[in-house]
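You will see two complexes here that share chain A, one where it goes with chain B and one where it goes with chain C.
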Partner chain A sequence: MPGAMNSATPDLPYFLKALKSRDVEPCIELLADLLKRRQIRTPRLCALATTHLLRRVLADFRGANADELLLRIRSVGRRLIAATPREMVVGNMVRRVLALIREVAEGAILGSDRSVSDEGLDGDSERDGDSEAEKQESRNHSPVRHRPNLSSGISTFSPLKHGATEPASMVPPKAEGELPGTYTPLPIRPSLQTALTQVSTIAPTAQQMFGLFTQPEIDDDPSGVDSPALQSVKSSGRPENFTEVPLKDIKAEVLESVREILDELESVDQEIALYALDHIHADEIILTYTASLTVQNFLLTAARKRKFTVIHVEGYPNESASTVTTIFGGRPQEFNEELELADEPFKPLTAAGITVIMIPDAAVFALMSRVNKVILATHTVLANGGLVAAAGAGNIVKAAKVHQTPVVVLSGVYKLSPIYPFDNDELIEWGDAGVVERYSDQEIVQKLKVFNPLYDYITPDLIDLYITNLGGHAPSYLYKIVMDHYDIKDVNLED
Partner chain B sequence: MENTNMSPSSPLPSIVAPTAPDSAIPARDGPMQAAAANSPSGPDTQAAAPKKLSGAELKKLKQAEKAAKRAAKKSEATPPPIQQPGEQPGKQKRQLQPQQEHGGSKSAGQASSLKISAKSTQASRRASVSAPAPAAPPSGPKKRVGLFGHLYGNARRHTIENAPKEVHPSVLALGLQMSSYEVCGSTARCVGMLQAFKSVIKSYTTPQGTSLARHLTAHHLSPQIEFLKACRPISISMGNSIRFLKDQIIKIDPSVPEPIAKRTLVAAIDTFLHERISAADTVIAQAASARILPGETILTFAKSSLVLKTLLAAHNAGTSFNVIVLDSKPLFEGRRMAKDLAAAGIPTQYMPISAASHAVAEANRIFLGAHAMMANGRLFSRVGTAIVAMHAHEHDVPVIVCCQSVKFTDRVALDSIVGNEVAPADELLGYIGGGPAREQLLKTWTETPGLQVLNILYDVTPAEYVKLVVTEYGSLPPSSVPAVLRILETAQLGM
Partner chain C sequence: MSTETPAEQILTPEAVDDSSFDVVETYRNLLAMDPDLTMPVAAIESLVLGLAAHPTTTISETLDLLRDLSQRLAESTPNPISLSAGTDLFQRYLIMSLRPGNVPLASKKGTKKLPATDDFTTIRAHLLKHGRSFVANAKAARARIASFGRNLMKEGCTVLTTGGSRVVAALLREAAEGGVRFRVVYVLPPPRPGRPQSEGLDLVKDLRERGVPVATVSEGAVGYSLAGGVGGGKVDMVIVGAEGVVENGGIISRLGTCQIGMLAKAAHRPFYVVAESHKFVRMFPLSQGDLGIEQRIVDFRTDEPNPWDMTPDPVDFTSPEYISGIITEAGILTPSAVSEELIKIWF
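This part shows the complex of A and B:
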C-alpha cells in the first residue's frame, strides 16, 4: 500500500494525505508500517501522526457506547505501540485520548446523575489551561489531604481522580474545583512495593490492591472492592464502566478535545519558548545537544532580547547531520515545511546575532567547566522525572553534574509518559551500526561488533529543571502532570 | 576528509609507531642507518639540493625569512602563505618535492619505509592541501573561539613550502606526517622525532670556528624543532626528549672529535629510545596485562600504542577477555585500535563515544593511554578520555592509565582550556561526504558571522577518576606523579 507511492519516501505529510483519502483500517496499517520502518520518526511527528489517526478512528467509529470506543482505541493503540515500542509518545497520545474519552463519558454520567453535574462536567472537560493546571489541581484536591508523606514514585500511581487533559485549551480554568465534597480522604495508602509492581502488570498483589487498574476495561472486578483506595475512588463518583453512555452523546466533545490536543502539539514549541527569558541571562554560555525545534525556538526567543553564546554539541554519528544542518541552516533535518505553522521562517541562531560554537561530543567534558547552563531536548520524559534522550546526552548530563552546571530539559507535555522505568535497558533502542562503521570496510564487518545505541536513559537526579508548555517543574513534580493528563487505568494498554 | 586520509595511511603509523619498538625502531633505523652508512651521501643530498635550486635559491631564502618573520608575528598573516600554494608556488612544489624524494631515496637507499611514508605524505598532503586551502580563511580571528583564543597559534603547516633550508628531509617528512596525523600519538611522534634527529645529527657537520656543543643545538637543531612545531605543536614527550637531547649535546666536550661526538649522541638517543620507550613499553605492558582477569570486559578509548600492547600481551599470555573500543570524531583513532585487536583474535566491540554510558556499564576495567601525566596527578589525554573516566568513576569501574615516564611533566593543569591544542576546525566538517557538500559547509562556515567550530585535541581528566597509573617505575596512584618526576630528576643528574 505505501509501495503505491514509492517514488517519494512516505513521511508524515504523505500519511496525512492518505488519511483523508483512505479507509480507517488501511490507515492504521499504513501508520504502523511507517512507524515500524522509522519513516515517521521524532516524537513530535509521531505524536502528530498518532493523534491524527486516532481522530480519524474516533470519527469513523460506529459503536454503541463509550466502552466500545475505549476498547477500539486501545486496540489501535496497541498496534501502533507494537510498531515502535520505544517511541513513547505514540502510547502517550493513545492514553491521552483514552483519558479524554473517560473524562467526557464520566461527565455525561454525572450530568445525568447528579445535581452538581454542570460544574462537574465543565470541570472535567475544560479544566486545565496552560500553567493553571497544577494550581487548580492543588486547589481541587489538597495534596495534604490526599498525599500524605509519600514519595513521588508511588504517587504516580495513586488512585486519585485525574484531571482533564487539554492544556492548550483556551477556556479559562474554573475557579471552583469539581465536586469538592465527593472526595473522602484516603484512609490507607498502599505500600510502596505494591504500587511499584503494579505498573509492571505481573504482580498478583498488585492485582489484589489495584485490580481495578490492571484490568481496566468495563470492570466488574470484585477483588478491587477490598482496596480502601478503590472504595474512595468509587465513592468519589468515578463510574467504572461506560456501557450506558451512548456514543453519540460524547463523540462530538471527544473529537473537539482531540482537536485541541492537535493544537497543543502545534503550539507547544512556542509555548515553551515563552519561558525563555526567565531562564537565560545576558552573556551566558549555554550548551545544547541534538537538533531540536523546541530548543531552537527557545533560544531564538531569548536571542531577541539577550546576547549569549551557544555551544552546540554535535553528536556523532546519529545526530551529526541534523545538528550540522541546524547550526548552519537553522532547521533540523526532519524539519518539514508543511508541518511548520510558525509565521516566521526558521533561521539559524547565528542570524539572530548569537555566537554558536560547534564542538564534537567528545569535547563536552573539556568545555563543561565554562558552561553556565545545559539546555537539552529530550526524546521522552518518564513518570519518575527521568528521561530518555539521544545517545550522548548521558555524557553531557553527567559532566554537567560533575561540574555543578544546571541542566534544563525542554519538553512538551506530550513527551511526558506515564511509564515508569523499571528496566533502563528496555528503553534503549539500538540503531544501524552501519552509520558508525561503513559496511564496506571488510576488516570491520568481519571481525568487529559495532554498536550504535540511539538513546541514553538519564536518571532524575541529573536533571535540575523541566520546562514544559505548562511551565517549569522540578523532576520530582512530574508525576503530578502525568496524573493530570492520563488515566491510571490506561497506563497498561495490554489486555 | 581526515577519515579518508587516515584509512589508507593506517598501516603507516603502525610502522612508525612503536607498536613493537624492538622491531619498529630497527625498521625505522633502516633508512636512517642507510643514510648514515652513506654518510657521504648526507652532505651529498644537501649539496645536491642547493645545486638544483640554485636558480630559485635566493628567492627561496627570502621567502623563508619572510615566512619566519610572519610566523613570529600573528597568524592573521598566515592566509597569504597558504593561499600562495594555489598559485605561484605550484611550480615550487613541483621543484621541491622531487628534491625531497631524491633526498629520501638517496639517503634511504632500498629501505622503503621512509620512501613510502614520504610518498604517501605527499599524496595525503596533496589531498589535504587541496581541501583545507579554501578553508584557510576561516582561521581568521573571527572564527576563533574566544575562550580558546590563547591556543590558536599559527595555522598548521601542511606543506614544505618555504621551509628553512637547514631542515633535514627526514624532519620535513615527519613534520608533514604529523600535521596530517599519519604519525599520531604522543609516543609515535616522540619516537619519530628522535629517529629523525638521529639522521639530522648524522648528516651534521660543524661549521668552522664553532664547536658542536654550541652550534648544533642553537643553530641546527632548533630549526628542525621549529619546523616540527609549525607542523603541529609538540607533545610533552617530545619536549622531554628534546630536553634530554640538548642536555646530551651540551655535555659533549668541545675537544671531542666530531665523528665520535656524533656517534655518542646517536648512541645516547638509541639508549633513550630503548630505556624510556621500548623497554618501558614492555615492562608496562607486562605489569598492566597482569591486571586483566579472565572473562573480563576491558574498555578503552581511542588508540594508545601502550594499551594495545598491554591487551595483546594479556591475550598472548592466554587470558581470554573482551574489549570495547570507544571512538570519537574527528580522528577515529579507535578504529585502528579495534582493527588491530580484532586482527589478533580478541573479541572486540566498537562504539562511538556517545555510547560511553552503555559501554562503561558493561566494562570491568578501563585502560587508558595518556598524552601526558600532569604533576598534580591529572591525566592529559585525547579529548573524550575524561568522559569515559567520569562514567567509570560513577560506575566504580577502575581506571588504569598506561603511561611511560617520558610523558610525565612537572606542569600542572586544572582544566582543559588553559593548556590544550586546537586543531584545524575544518577537520570537524570533513566527514560530510567530502566534495561539494563539504565545500558548501566550509563556505557557510566562512561566511556566517558568529559561527565557530572548535576542535580541541585533549582534555584533562581529574585525578580522582584515575585509580592507577602504570609506569615503568611501577604501578602508582596518580598522586605519585611528582614522586616519579623526582626519581627522573635524580636519575638525570646521575647521568
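This part shows the complex of A and C:
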C-alpha cells in the first residue's frame, strides 16, 4: 500500500483523507489495518470511520439490485469486524446501514404499487451522484466478491461466538466455485422467515406472534396443488429478498440516510448534553469515571447553569493519565482526534467553576455514601441492557448499588449493539500488563502473573438509567431501541 | 409427506364428520396422539377443524362460532390458561386479517385487490388447507429456540432445569448433539395423581444415553444445588419452560418453578425461560391468586385430606423480577418486551 508510507501517524483524519483519494478496495484494507493496529480507537472514531467507509462503498457499488448491495455491505462488514471483534460499534454501524437498505428497499416495493413516478426521480438523482472516479471503482468489485470468502463452516470471521445466533446447519451453504459476476442470494434463515411472512400485513414488527399461521419453508406439500390465490397469500407480508428492487431506485435514498447517521455521530454528544439539566441539580455531588468527551460535555452543559461538585475517579493504570489531563485542561491524545471533528474547543470543568476532586480507585466505596449520582461513560451497550465499560466501572456500580446511589450511563445510540452477551468473558479485552508492573522489574515480573483487563461487563440490574441521544431509557427498554435500529436478520453477519 | 404423525393425518378437513364434531374430544385426541404437541397449538388445530366442520359464510358468524368453540374448550379443562393463549391468538389473527385495509393479497406489483368476501374465503381456505402446517410451524419455532438457546450453553457449564417442557428438552438435546460438554441438575417433582412417573424422566434417560451427566434432585435440594463450593451443584444457570408467558413478563409454569426462580435470584444465577411466542397470554397476574383457576395447593383442613384429591397438574406464577431473559423464536426478549408483543396484536 503505497500511501501508507506517510510520515504522520495514521489516524482518523488520515483515513478520511485517504478515502477521498484512493479506490474503495485499498480503503477497506486500510481501515481494517488501522482498526487492527488500534490506530483508530474509541467507539466514536471507529463508528465514524466505518460509516464513512460504508458510504463510499455504497456510492461506488455497481450491482443490479438491493440484495447484491446487502451482500456487499455484509462482506465488507465482516472484514472490518474481524479486524476488531470487540469494538462493537463497527458491527453496529454495518448493521445500521444494512437495516437502512432493507427499509428503503421495502419502501420501494410498497411504493411501486402506489406510484410509478417515484422511480424515475430516484434514478435521476442517483445518476447525478456518479463521477468518473467512481465508475473506475466498479471494476474492482468482481475480483473482490470472487475472493475466497469467509463462508466456510469454521468461523474465521470472529473469535467471539456471542454474535452467532443460528447454527450453521440451518443456513443454506454457499455455492462453491462462484463465478465472477454471479451472485448468490442472501442466505435465508428459515424459521425467521416464518416469523416474518404472514398472511396479514399489520405492521412489519407486529408479526412475531402470528408466526404460527404462516406457510413454513419446510412445508412438504407437493407443489403445483396450490391455487393461485393461496400462493399470493403465502408471498404477502414482508418481502423475503430484494432481488426485484433495482439498485438505482434506492441508492440515492440510502446514501442520504447514511449521511444522516454521520450527522448523528457528529452531534451525539451535544444531543445527550441537552438532558444534563434534567439530571444534575444544584449542589449535587457527581461521581464520574474515565475521560469521556460525552460526560465532559454533559457536565459542562450543566455547569453553565448550576454549581455542583464532581468526583473523578483516577482509574489506574489504564485511565489515570487521560483522567489527569482532562481535569487539568490538557487534552488526552484520543480527544485531540475527536475534537478535530467537534465545533467547540475543549474546556476543563474547573474553568467553568466546578470543584473537581480526583480520588484513587480505592476510595470509591468510602465516598459513595456522599455521592448523589454516578455518571458513567461506556464502551458498548448490549441488547440485554448490560454494558461493557472501562475496567473499574464494575467496582463503582457495585458500590453505588450498595449505597442505593443512582447510576446513569451516557451513551449514543451508535454504541447500542444488537448482540446478546451469551458469554461475558469473551467481551473483555486484555491490555498491556506492562502498565501494571513494568517489565523492567525483572524480579517481580518473573514471579508474578500480571493481568490488565481493559473492560468490565456490567449487568443490567446495576444500571438505573441510560441517557442516549433519544432520551432517557430504563435498561429493560433498550431491546426496543435495538429493534428500531437494527433488523434481526442482520444480527448474525456470518454467511 | 412420509414423516406425518397421526395428529397430522387427522387434520384433513374431509376426515371430520359435520354433525358429530366435538371440539373438546378433538382437542384431547390431538394432544393424546402427538406427545410433542403443545396445548395452544392443539387448541388452534381444534378450532381449524371446527371451522371445517361448520361451514360459515360470513365473518361474524365465523367469529361467533370460534368464540363458542373456544369457550367450550376452556370450560372443559381445569387450567385453560395455556389453551386460551392459542384460541385467543387464533381469533385475533382472523380479526386482524379481515380488518379493512389489511388486504393480505396486496403484495407484489400487479396484484389486483380482491373484494372483501373473497379475502374471507381465501383466508378460510388457507386455514383449512394448511391447518396441519401450524403444527410444523410450532415445531420449527421450537427448533429455532433450541438453536438460539444453544448459545447459552457454554463448554463445561451446569444447567438446572425442571418440568417436562418440550422446548427445554429440544434445547438440551441440541446442545448435547452439538458436542457441548455440559452437566444437568434435573429437579424432579414428586409423583402426583394421574402422573405416577415424574415429568422429565424421559429426558433424563435420553440425556444420560447421550453421555450428558445428569443429577436428579428433589425440589427440596434446589438451594443446595445452586450453591457453589465442594458438594454443591455449581449450577451456572437455570433454564425452564413455561405453560404461558403473561403480559408483565412473568411465566405460568409447573408448581415449583417460582421457588426455583427466587432461589436463583438469591444465588445470582441467570434464570432463562424458553417459550414459543404463541404461549404469550393476555393476563396480568400480580400474585399466585390472580391466575383465575382453582387449584387446592394451600388447603387448610381440620379433617384428614385425601391425598388423591389434589389438583393433578398444579401451576404457579413466577414474577418477571426473577427472569433474566425469555428465549423465543424471535430472539431473546427481556420480560418487559412481552407486553409489547401482546399490545401489538391486540390494540
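By our rule, the second predicted complex is superposed on the first by the 356 of 495 C-alpha atoms of A that agree within 3 Å, B and C clash if a C-alpha of one lies under 4 Å from a C-alpha of the other, contacts with A are read in each partner's own complex, and residues count from 1 in each chain.
By our rule, a residue touches a chain if its C-beta (ideal position, glycine included) is under 8 Å from a C-beta of that chain, and two chains touch if they have at least 3 such contacts.
Since the structure is predicted, the reported quantities are computational estimates derived from the model, not experimental observations.
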Go through the superposed model and pick first if A:488 touches only chain B, second if only chain C, both, or neither.
second
Contacts for A:65 in the overlay, against chain B (first) and chain C (second): which applies, first, second, both or neither?
neither
Classify the contacts of A:385 with the two partner chains as first (chain B alone), second (chain C alone), both, or neither.
second
In the overlaid three-chain picture, which partner chain does A:422 touch, first (chain B) or second (chain C), both, or neither?
second
According to the stated criteria, A:480 is in contact with first (chain B), second (chain C), both, or neither; which is it?
second
After lining up the shared chain so the two structures overlap, which partner does A:51 touch, if you call chain B first and chain C second: first, second, both or neither?
neither
With both complexes superposed on chain A, which partner does A:92 reach: first (chain B), second (chain C), both or neither?
neither
Where on chain A does chain B make contact in their complex?
309, 314-318, 320-321, 324, 327-329, 348, 350, 353-367, 369-370, 390-392, 394-395, 398-399, 402, 428, 436-437, 441, 443-444, 447-453, 456
Residue numbers on chain B that touch chain A, as the complex places them:
7, 145-147, 328-330, 335, 338-339, 342-343, 347-358, 382-384, 386-387, 390-391, 394, 415-417, 420, 428-429, 431-432, 441, 444-445, 448-456, 458-460
Once bound in the complex, which stretches of chain A touch chain C?
109, 112-113, 161-162, 164-167, 170, 190-192, 194-195, 199-203, 205-206, 208-216, 218-222, 227, 229-230, 232-233, 235-237, 239, 244, 383-385, 420, 422-423, 476-477, 479-480, 488, 491
Interfacial residue positions of chain C with respect to chain A in the complex:
1, 3, 41, 44, 89, 93, 96-97, 99, 102, 104-109, 111, 118, 122-123, 125-127, 129-130, 133-134, 136-138, 140-141, 143-144, 147-148, 150-152, 154, 174, 178, 276-278, 280, 324-325, 328-337, 340-342, 344-345
